[in-house]
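To start, the structure under review is shown below, and the notes come after it.
Naming follows writing order (A, B, C, D, E and F), and every chain is counted from residue 1.
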Amino acid sequence: MSTPPPIEYADASPRVRVVFDDIKKTRGVPDVNNFWKYLARDPDTLKRTWESVKEVMARGALDPVVKEMVYLAVSVTNGCAYCIASHTAAARKAGMTETMFGELMAVTGMANETNRLANGYRVPIDDVLKG
Amino acid sequence: MSTPPPIEYADASPRVRVVFDDIKKTRGVPDVNNFWKYLARDPDTLKRTWESVKEVMARGALDPVVKEMVYLAVSVTNGCAYCIASHTAAARKAGMTETMFGELMAVTGMANETNRLANGYRVPIDDVLKG
Amino acid sequence: MSTPPPIEYADASPRVRVVFDDIKKTRGVPDVNNFWKYLARDPDTLKRTWESVKEVMARGALDPVVKEMVYLAVSVTNGCAYCIASHTAAARKAGMTETMFGELMAVTGMANETNRLANGYRVPIDDVLKG
Amino acid sequence: MSTPPPIEYADASPRVRVVFDDIKKTRGVPDVNNFWKYLARDPDTLKRTWESVKEVMARGALDPVVKEMVYLAVSVTNGCAYCIASHTAAARKAGMTETMFGELMAVTGMANETNRLANGYRVPIDDVLKG
Amino acid sequence: MSTPPPIEYADASPRVRVVFDDIKKTRGVPDVNNFWKYLARDPDTLKRTWESVKEVMARGALDPVVKEMVYLAVSVTNGCAYCIASHTAAARKAGMTETMFGELMAVTGMANETNRLANGYRVPIDDVLKG
Amino acid sequence: MSTPPPIEYADASPRVRVVFDDIKKTRGVPDVNNFWKYLARDPDTLKRTWESVKEVMARGALDPVVKEMVYLAVSVTNGCAYCIASHTAAARKAGMTETMFGELMAVTGMANETNRLANGYRVPIDDVLKG
């Protein structure tokens, strides 16, 4: 009754391989990260998650490095160690410099602080902010 | 034993007024938001928080609109209603368009989802992501 | 199929009344808060929760006002509006002054900030802190 | 001033042994998990927590496997590594199959995503949902 | 620069109407909830979110009422007021009785408590739970 | 493009050394913890964070051990492993006994539980608690 192992490409079903191939092609990497190998235990979730991530993280009005930094800020707020590691790497690859990282952490930390000050002081929303 | 009221400028001590004046000048606004009026119950926290926010949110390697969007993504993740209202307004003022908002929410939502998939599948950090 | 209403003393079963009576006696209040009236929809949860809260919040090595302030700090961190309101009142009743409240919020805010800085910088635990 | 060690059965006080014995008997296991050995540092918390868990997790209107899956979904949302490990095992023992696990993670992930979309879009509660 | 209003069916683009129609048909309801009307400000996110929710919440190895209860437990843990309201209604519609609700809340509350006890006591994962 | 290493005193810039020296002097320790060595990658954040922590954690209306226990309760609630380790040590150093630790965890756990019960039962704030 042990946990099923992650799925390596060599052992993947054709349906999983289609997703792995698309990840590798889209990202220009030789292999997919552990995240996808573990999700592959459930091919439906693997496919849906990848297609959603691909759509959401594509270049749009926001630059890819901005999207990756937002992803990292959320992961840091939630304390997800895996996600912090993978999105730090992804943000760096997309162009995040050490200075940008420092500023990102500063903003993320400050937001977490003032969120609680607003909660604790029970600050009512200003009329001009309601719209 | 009721909660002390927020501090309006007219009733503020000189020390609080100095902070209020700097907020108004820095942001080019005629009055400060409720957040600052409530924090003014504790002048030390008011001063320290404003000076930190001012330093952290200043233009740097990251554009102000990016910083405001990160602030919003964190506030949305934490579910702080006041902060969501105030930083949505601030991000719009700094240049966030409706399309940028849509993408920001999409990334924030997706990050919150995959953070939990990584937790639940207990994905170990890839060796290449450890550095 | 609407949500069942909260239980007022007049409409409570004998089993619920025993709990309500003990809350009123222990706290020296004429009526119980909404929290207990809503929990009374499930008498098992009402009874278990009250007995646990009564045991945990009793005077021990920690002073009651310290316990109430910790309760408030957790509620602020989680953003539970009801709990922030009720435990702010409880902490004030137990002796929390405005100055103590200000310091409590300052510590709570700072902890939420540095928690994320530690996450984001992926700080490994110092050997001397591992024991 | 190092952290006190967990309490093994051989070293446990009679009061702790009573709880350990009840856990072992109720669950049909030869030894208790680390969680209980660490809680045993505080016999009051050990006893109260076990009695609460025993009452809450007993078969009721909800099947034990459903309760364990809910426990796991909460632990995944909070990112508690120990709890994810122990409740994944408990849910499997109670009958959670790999397919059920996959669906549970999919729902948990989606809920975490849409929670933030609802926050970010500041969706007001529909009148029909207020009751 | 005020926030765009939610999209009512009468004002929706053909692309949004296709999604609204599918929600109404799938759920057998005369109108969609506010959540979807607000998401409709971003048709891509509306479409992707609905298709994901539809796939994830469909009957599978888990009964729909179980899925709705898990959704509710996560929303309660995160403190998302809108989601708590909408998924309480959805779970009731799917068959959650008042007794089941009481048990669900009891498990959700207990999991949130023991998650923190495990964190605070820094309980290491038992070898038998690592697989 | 690997992550920059933490900054040891021997390799620190004069600006960083000033902060490190003040931490060591204020706390009476021979070296700073990893937290500060990692933050030193961004001297602005290092300086601002230290000055804020120093101000917030100084003796005031609340005793230092109370402040450290609040810090620990927040860190436990957020699940920040590094912060739990460092603030458990700091609280012990400031006078937290094993009994106090046990009570602190009990309150922290209970608050996390009742926060969710209040959320799930959608308890409205009592009129007397609104002020």
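Throughout what follows, a contact is a pair of C-beta atoms (placed from the backbone, for glycine too) under 8 Å apart; a residue touches a chain by one contact, two chains touch by 3 or more.
Values in this document were obtained by computation on a predicted structure and should not be read as measured data.
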Selected interface, B-F versus C-E, where C-beta contact pairs are more numerous: C-E
Equivalent of B-C within the choices D-E, D-F or A-B, defined by over half of its residue contact pairs recurring: D-F
Subunit A and subunit C, separation of their C-alpha mean positions in angstrom: 34
CA centroid of subunit A to CA centroid of subunit D, Å: 27
Between subunit C and subunit F, centroid-to-centroid distance (C-alpha), Å: 21
Multi-chain contact sites of subunit E, meaning residues that touch two or more partners: 3, 41, 44-45, 48-49, 52, 56, 77-81, 85, 88, 99, 104-106, 108-110, 112-117, 119, 121-122
List of subunit D residues in touch with subunit C within their complex: 2-3, 44, 48, 52, 55-56, 131
Touching residues on subunit E, where the partner in the complex is subunit C: 79, 88, 92-93, 98-99, 101-102, 105-106, 109
Residue numbers on subunit B that touch subunit A, as the complex places them: 3, 6, 33-35, 38-39, 41, 45, 49, 52-53, 56-57, 60-62, 66-67, 69-71, 73-75, 77-78, 80-83, 85-89, 97, 99-100, 103-104, 106-108, 110-119, 121-126, 128-130
Residue ranges of subunit D touching subunit F (in the complex, touch as defined): 1, 3-4, 41-42, 44-45, 48-49, 78-80
Touching residues (chain side subunit E, partner subunit F) in the complex: 72, 76-77, 79, 81, 84-85, 88, 104-105, 108-110, 112-117, 119-122
